[in-house]
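Here subunit A shows up in two complexes: once beside subunit B, once beside subunit C.
So, the complex of A and B:
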C-alpha cells in the first residue's frame, strides 16, 4: 500500500494526462499538459484516436553537422529519421502504435539490408496503425522488407520456406502453441509459396508457377488456400482475438488484464471486424492505466525516453549520437533483436542501458550550454530547482526526489563564495539538477 | 550580400554486405567527394574497394568485421566505377556493384 500523500485534484488531472501521453505517445509537450488536463480524460483519448492535421509539428528537420540527414545513404540516419518522427509527430498515438506494431511484426534491417524497404514498411505500418488488424496483417504479408526478412521472397512450391508461416501463427496472430499444429505450419507454408525477389533487378513479384495451388488442410479446413487466405484463417481462429487484445494491453500497462476487460476487448475487436481503435479506447480509458499515479510502474522504452526528453526540453534531432545511444539503451528502431521484438518493461533496465540513458541526458545538457559564469550567486536553491524543472518540461518527481534535489541545491553551493567558486558551482548545480531530472530514477518510468 | 560558395556536401552511398553480395543504396551520383560506407551484415570479414574503369583501385576501407561499419572518402570524376570486396574470391562470388558518376547539375550556394 502506498504511503505517499494523495496528489491534489488539479495535480491528479495533470498526472493523468502525463501518464496517458507517455504510454500512448512520447510524452506531452510542456505547453499542452494544462490545456489537456482541463478536459475529461475520455475526450483526450478520443482526440488521440482521431488525429487531424499535419503529421509533423513545426520545428527544424533533423540535421547532422549542418546537413540534412540521409536515411538511405548513411549508416545510422534511419534511426535518426525514426527518432525525429517521434519528436516532431503531432499524432502521438499513431506514432506510438507504429512503434508497437514494429515490435509486433518485428523486421530487422540487419537482414533486410535496405533502408528504403524499411522506411516503406514504416509508412505501411503507420497507414494501418489505427485501422483494422486484418488490413495491417495483409499489408505485412505483401511488405517487401517482411518478405525478405522471413524468407517469403523466394519460397518455392518444391521447397516451401516455413519461416513466415511459423511466425504468422506463433507471434503475429495466435501465440506460441496456441491452437495450431506443426502440420498447420507446413500446410500454411505451401499456401504462402510463389513470391519472388530478383537480386539483380531488385524486383519483387509473384510467380504462379512457383505457387502451390493444391488443396491444403489448415486448422482442419480444406481448400485451395492462397497467401491471403492463410492470414484470414489465422485472424478468424478463435484464439486470435484474445491473444492480440492481451498483447495490446501489455504495451500500455504492466498490470495483468482483468478477465472481464479482456472479454470486452475481444467482443469489441470481433464486433468491429478487427478494428484496432475500439480495443485501444477500452485500454486507454481503463482505470488500471491511471492507477497509482504517484507511483509510476512502467519503464519507458528507450525511444520513448529519448524522444520524450527532446520533446520536454524543446529540442530536436541535431546530432548523430542518438544512433548509438539508442543502440546502447537497447532499442534501435529498424533493428529489433529478433522476430520476437524487444523484451519490454523491466527488461529495458540493465547496468549498461541505464548508463546509456545517463549519457543521453548528458548530451542534451551539453546542448543547453549552461556555461560557467552564466549564473549568479543570487539564485536561491528553490529558484534553482524551479529553473531546472521548467527547463526539463516540469517532469513528475516523487516527494522523496524533490526533497533530495532541494537538499542538493542547498548543499552543493553552501559556502561557495569565492569568485571562481560562484563562477563554476552555481552553473554546475543547474547542470546537475537538470541531469538528475532527465536521467534520475523517476524519469525512467511513467 | 554576395553569394558564398559552400563546399558541396559529399555524395553518400551505403552498401550492405552479406555472403556474397552487396546491396547498394544507389547506382549513380554526381562527381566530387563521396562518402562510402559498408555495413557488414554477413558472418565473414569484408572490405569495400573502389576501382576505376581502367582497372586501378583508388580507395578502400579497412577490413570490416561482422556487424560493423567501414567508411572511406574518395574524390570521383565522371565515369564508371566498380565497388567490390577485396577479400580473396569474394568479388568473383558476386560482391561487386557498378557506380556511375556524372557531372553535377546544380551547385550548392547560399545567397
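So, the complex of A and C:
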C-alpha cells in the first residue's frame, strides 16, 4: 500500500480530497487518494454525484465468525449489515446520504421490531437518496416501517393519530413552529387516515372506509386532501426549501451557511422540482467545506469512524463486536434514539463513547497481528512512525500529535536492549503508534 | 459572545438551533434558566470557585472554552479536590426495570376482588403471597427481601405512577421517563444529567456514574462530564500486546493540546475526562480480582454485580452524586409467571445485599435508591400467560430516610381506562420533583421545566 504522497501531488489537494471523502462518504481508500487529488475538486464532486457501476467493491462478502452476515436472524447483524455497506460501497455519497436521510426520517427498530421492514426502508431511502425530495418523502409516507413507527398504520377517521402529521411538518419538511398551526396538524392527520396493518397476517393496506374523505383546511387551503396531498402541500410550503437546504448543509459542515449560499441552494432546489443533487453540488464545492484544512472541524459520526477505520486499514466487517461497539459509541443504525435522529458533531464525544472508539481500534490492532519478534532493534523512531502511518492509511495528524508520537517512539524503546525486550517492546511500540493514529483525538475529527 | 475570547464559535450550535425545539412551546427547556440556576446554586454552595461562577454566569460557551486549559493531571487533581469537598453529600441511585414491570403482580392488590377475575391465568395464589399487615396489598413471593426492608420502614412504594394519556410504547415512554419531558424534545439531556449540570462541576466525571458500558441516556448532560463504568477494577485502556495500560496512554496524554475547533476540543475533552476516570479508579484497580467481600452476597447477575461495583465506587469517596443501573427482561408478554418470579428474586436479593453493603460502608444514610419502570402492564392477563403493555407503573424509593409505606393512591381494578389499564394517579414528574427537592436539594423547576407543585410524602 503506497501512502506517501507522490511528489507531483499537491499536499493541499490531498487534504481537500480527504476532507471531501470523510464528509461525503466514509473516508477515501488509501489507494485512490492520489488519483483523486490530481483532479479538480469540482470533477471529483461530479463523480460522487453521478455514481456508476456496481454498488459494492469486487470480492466476496465478508464473513463474521465464519458465517455470512444475517441481518434477519442474528442479533446485531442488522448493524453489521449497514456497516458492511459503508465499508464496501463504491458509491460513497449515496451510502452517506442514505445515512443522513435515515437520521432525517429517523425510524427505530426498537418500535418497529421487524428487521425486514427496516432493510426495506434502507433500500427505499437509498433508491431516492440522490433523487427528488418529493419522491423520497412520498416513499416514506408509504414505507411500512415508517407507518408503524409513527402510528400511521390503523389511524382511523374516527380517531386520527397525529404522530406522523406532526413530525412531517416539524421534522421532515418545515421545522418546529415554522409556518403551520396545531390546526394544520389536526387537519393533516385527518387526511392521513385509512392506512391499515393487520397484526395477524402482518399485511399493510389502505381501507377507504377508514379514510376521512371530507374537506380539510391545511395552510389556509381547502380541499378533499388525501395523504399524498398532505406531503405535497408541505413540500410546496414556502418555508420548506430553506429549512431542508439548511439542514442538508449542516450534515456536511458545522460552519454557518452564508445567506447568499442558502438563496442559491433554495433556488436550485425549487428550480429543479426538489432535486437533491443540485443542492449537494453547491454544498460540496463550497469553500466553507474546505476551510482551514489543517484544523478539522467536524466530529466523525460513529459509523463513519468505524467504516473509515476499516477502509483505511484495508479491512472488512469480520467480527460481531462492531454491534456493541457502535452502540457504546452512540450510533446503532436502525436504532436512532428518537424521531429527531442523532445529535451530531461534538455531541458524539463523551467519556463513554471515546472509550468505545478506543476499544474499536484495539480490536483492529488485534486483527493486525503484529507478533512479538517481528521487528528488529534497527527500526529507528522515524521509521517506526512511518510504518505506523502507512499501516493506518496516512491519516491527518496535528503537530502536537506528531510530536507526541515521535517522543513516544524514542522513549518507549530507550534502553530496551535485552533480547527479550527487543522481541516485545519494538512490536509493542508499533501497536501503540498505530493505535493512536486510529483512535487518538485527531482520528475523531475530519 | 465574543468568539475569540471564548474559543467557542456560535456556528457550532447551528444544527440544534435549526431543528430548533429549544424554545418550543411543547418543551420549554430553558437553557438560560438552567444556567442561572446553576449560578445561584454555585453561589450558595461552600467553596465556590471562580470557575464555577463563570460557568454559571456564562453557560455552555464559557464552560467549553475553559475546560481545555485543564490538562489530564489538572483535571484529576480538581476531581480529587471536588470529591473530598463534600463527603456527606447525598446520593441518588436509579434502577430502571427495562421492559415495563408488572406492578400489579409485584405489589399485589389482594384487597381488590377484581384481581382474581382479571388475573385468572397468572394470579398469584394467596398461600404464596407475602401480605402486608394492615394493607390491602401483598408482596410477590420473590420479594421477601424487599418485604423485610419494607417492614423495617425503608421502602416507600407507589402504585400507578405514569403520565397522563400514556401511549404504551416502550420507545416513547422510555424517552419521557429518561428526559423528564412528556412529548418529543430536541434536547435529549436526561433529567439526572440536567441535575448534574446544576449541582455538579466540570472536572469530575465520577460525579455521575452510568453503571454499564454505554452512557445511560438519563445521565446525558449538556456540559458536565459523566462517567460510564461497569467494573472499576476493569476500567482500562487495553491494547492487545501492550503490557501496561499506562504505557499505552502515555502518548495519548501528550496528544491532548493545541485544538482550536470545537470538534477537536470536544475530542480532547472526552479523552481527558476518560483518562481522568482511569486515574481516579487506580485505588480500586489495585484491589485486583478479589476486592473485600460484601456482608451479604449479591446475586450473580448484571444488576447484582453492578450494585456491588457501584458500592465500591461510592465507598472510595470519589464524589459520586448520582448513578444509574438497569435490569432487563420485564417485557413479559408470555410465560410471565416463571420469568417474572426470577427477575423479582434477583431484584429483591440485589436490593437487600445493596442496603447491607451500604450499611457496612457507613453510606446508608446518604444513599436513596429509586426503582422504576417505563409503564405497568395491562390489568387483565392474556392468552399466552403474560401481560401486554399497560399504564400506571410501580415505583419504589428505598433508603434509611425513605418514608416507608404505600405513598400514592392505588386506583383499583374496577375503574380502568379505555384500554383496560390502571388509571394514573401519580405523575412521574411529581415523583422526580419530590426526589430533586426532598433528597437532592435541587429546585425541581430548574430540571423539570413547567413541573407543577404536586409533591409526594417520600422522605423522612
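The definition used in the following text is that the second predicted complex is superposed on the first by the 435 of 446 C-alpha atoms of A that agree within 3 Å, B and C clash if a C-alpha of one lies under 4 Å from a C-alpha of the other, contacts with A are read in each partner's own complex, and residues count from 1 in each chain.
We adopt the following convention: contacts are C-beta pairs under 8 Å (C-beta built on N, C-alpha and C of every residue); 3 or more make two chains touch, one makes a residue touch a chain.
Remember, it's a predicted structure, so these values are computed and weren't measured experimentally.
Colleague: Once the two structures are overlaid on subunit A, check if subunit B and subunit C clash or fit side by side.
Modeller: They clash.
Colleague: Is A:70 touching anything from subunit B or subunit C once the two structures are fitted on A? First, second, both or neither.
Modeller: first
Colleague: Counting only touches as set out at the top, which of subunit B and subunit C does A:46 meet: first, second, both, neither?
Modeller: In the superposition, A:46 contacts neither subunit B nor subunit C.
Colleague: Would you check which partner chain A:328 touches, where first means subunit B only, second means subunit C only, and both and neither mean what they say?
Modeller: Touch partner of A:328: subunit C, not subunit B.
Colleague: Looking at A:132 after the superposition, I want to know if it touches subunit B, subunit C, both of them or none. Which is it: first, second, both, neither?
Modeller: neither
Colleague: Quick one: name whichever of subunit B and subunit C touches more residues of subunit A.
Modeller: For subunit A, the partner with the higher number of touched residues is C.
Colleague: Between subunit B (first) and subunit C (second), which does A:344 come into contact with in this model arrangement: first, second, both, or neither?
Modeller: Second partner only.
Colleague: Tell me which partner A:111 touches in the superposition: subunit B (first), subunit C (second), both or neither.
Modeller: A:111 sits against subunit B and subunit C alike.
Colleague: Mind working out whether A:352 is in touch with subunit B, subunit C, both or neither, as first, second, both or neither?
Modeller: second
Colleague: To test your reading of the overlay: subunit C has the stretches 42-50, 222-230, 330-338 or 366-374, and exactly one clashes with subunit B. Name it.
Modeller: Here subunit C runs into subunit B along 330-338, and the other listed stretches stay clear.
Colleague: Need the overlap of the two footprints on subunit A, from subunit B and from subunit C, as residue ranges.
Modeller: Touching subunit B and subunit C on subunit A: residues 110-111.
Colleague: Can you tell me which positions in subunit A touch subunit B when the two form their complex?
Modeller: Touch residues, subunit A against subunit B: 67, 70, 72-75, 110-111, 113-116, 199.
Colleague: Can you name the residues of subunit C that touch subunit A in the complex?
Modeller: 10-12, 14-16, 18-21, 24-25, 169-172, 175, 184-186, 188, 205, 210, 213-215, 217, 225-228, 237-243, 247-248, 250-252, 254-271, 273-274, 277
Colleague: List the residues on subunit A that touch subunit C in their complex, please.
Modeller: Answer in residue numbers: 108, 110-111, 166-167, 170-171, 175-178, 243, 246-247, 250, 254-257, 292, 295-299, 324, 327-328, 330, 337-340, 343-346, 349-356, 358-359, 361-362, 365-366, 370, 372, 398-401, 403-405, 407-408, 411-412, 424, 427-428, 431-433, 435-436, 440-442, 444-445.
Colleague: Please name which positions on subunit B make contact with subunit A in the complex.
Modeller: It is residues 9, 12-14, 16, 18, 21, 23, 25-26, 35, 37, 39, 41, 67, 69 of subunit B that touch subunit A.
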